[in-house]
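Naming follows writing order (A, B, C and D), and every chain is counted from residue 1.
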Amino acid sequence: MARIRVQPEDFDIGAEFAALTAGRSDIGGIGCFVGTVRSNADDRVAAMTLEHYPAMTERAIAGIVAEAERRWELLGCTVIHRVGRLTAGENIVLVLAASAHRQPALDATAFLIDWLKTRAPFWKKEEHADGGATWVAAREADDAAAARW
Amino acid sequence: MARIRVQPEDFDIGAEFAALTAGRSDIGGIGCFVGTVRSNADDRVAAMTLEHYPAMTERAIAGIVAEAERRWELLGCTVIHRVGRLTAGENIVLVLAASAHRQPALDATAFLIDWLKTRAPFWKKEEHADGGATWVAAREADDAAAARW
Amino acid sequence: MADADAPLTILYFAWLRERTGTSEESVTLPAGVGTVAALIAWLADRSPGHASAFANRRTVRCAVNQEFADPATPVGPGDEVAFFPPVTGG
Amino acid sequence: MADADAPLTILYFAWLRERTGTSEESVTLPAGVGTVAALIAWLADRSPGHASAFANRRTVRCAVNQEFADPATPVGPGDEVAFFPPVTGG
């Protein structure tokens, strides 16, 4: 019952919350994370392109969601990840996790984004203001965050 | 620069995200929590009334937000808490915390809702399907969650 | 600074409001009542409803001038003192 | 089960795609190439681009039939084997 989508288009955060909770009164809390394209001051990122492995991506995300559902009592879950070229300030990823109580909703949200960062086949190439473009290197901090769980 | 509101009306989650991030490209992640009125199976809650201490509420929330801003590098923060009578399935509270990175955004979100539950002057009275109404007792688990920080 | 005869405003919320039968009252403190703890002991004698509201003091929380307070917090003329159960928002 | 002569499909993503100059190629394995590690060693000899892509094997990740794999994972005829850098989504 999880909603999983990989798409070039933006997502509508309010509509995704509404779809997750529509007609339900067993939910007590919804955790959410939205990742966006950040253009920091010292190394200006004008845009990035997200490449993925289409035959594998949704399967990998479904596996991550199944793991979250095994660990926490979730009443619904949404993961939307954009691909293609995204400019600074645009949304990249949406994670929603609903539960009867706040703690599982918040924990599952953090788990889902940590594992998406380290276990789903996406790669970011950043375009810099000087015209160069570089593949983003995986961060050890992300591996450490994912390994906590 | 935090947005704090205490109001009887519902909030528009998508609009609050948009207001927090509009025109910005320094944000890398937004954490969010939405609390809703839960009607569980064994003790059906038809509705609840949220009472608060108007002269103190916004000040108390501002103090909690200031503490979050002291602990994490936040780029924006929104807390909206509803008051009055709310029926099962309705939204109660919205927390948003934006940061350059996901970890501070998620941690600040969890902190804000934990402290709102234990340090902001709101009281819930639940109406049960049998016609009775009872004041919700504070949960030790909430105190423990708030004391983690 | 409020003058020495200024009344205190007392506010009650949730079941303390229900048990005392009032959401707000104005009181003038007798000599010797200078802390939250002393104020509670004095208020509890005002009516059976007040006595019931303050019967189990471990379940009563307090704010003085919109800041959380404890039994030792001083109270005086002109203050706004609120009594309520542990909070349950969020 | 694919027959013994069926080719493998090799996919490259991100900078492995750029260095090899291809996103997809079909190869027929020689005898003795039965694991991811052996496949990498064999692929690295196909062109200078391939050699560059696999130069630092610690930075290369792999999936066999859309599941993450490691150097010891078996590969065989009909499999889809993908090579890519550590993932950076989210």
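Keep this in mind: a residue touches a chain if its C-beta (ideal position, glycine included) is under 8 Å from a C-beta of that chain, and two chains touch if they have at least 3 such contacts.
Here the structure is a predicted model, which is why all the values come from computation and not from measurement.
> Please find the path from subunit B to subunit D through touching chains that uses the fewest steps, and give that number.
The fewest steps needed to get from subunit B to subunit D is 2.
> Going by the average position of its CA atoms, which chain sits the greatest distance from subunit B?
That would be chain D.
> So, what's the distance in Å between the C-alpha centres of subunit C and subunit A?
Between these chains, centre-to-centre, one finds 49 Å.
> In whole angstrom, how far does the Cα centroid of subunit A sit from the Cα centroid of subunit B?
22
> State, to the nearest whole Å, the distance from the C-alpha centre of subunit B to the C-alpha centre of subunit C.
27
> Where in subunit B do residues touch two or more other chains at once?
35, 102, 113
> Where in subunit C do residues touch two or more other chains at once?
Those would be 90.
> Between which chains is there touch?
Applying the touch criterion to every chain pair yields A-B, A-D, B-C.
> Taking the complex as given, what residues does subunit A use to touch subunit B?
By the definition above, subunit A touches subunit B via 12-15, 17, 21, 23-41, 88-89, 100, 102-103, 105-106, 109-110, 113, 145.
> Note which residues of subunit A are touching subunit D in the complex, please.
Those residues of subunit A that touch subunit D are 35, 50-53, 55-56, 59-60, 81, 92-93, 113, 116-125, 135-138, 142.
> Can you name the residues of subunit D that touch subunit A in the complex?
11, 13-15, 63, 66-68, 80, 82, 84-90
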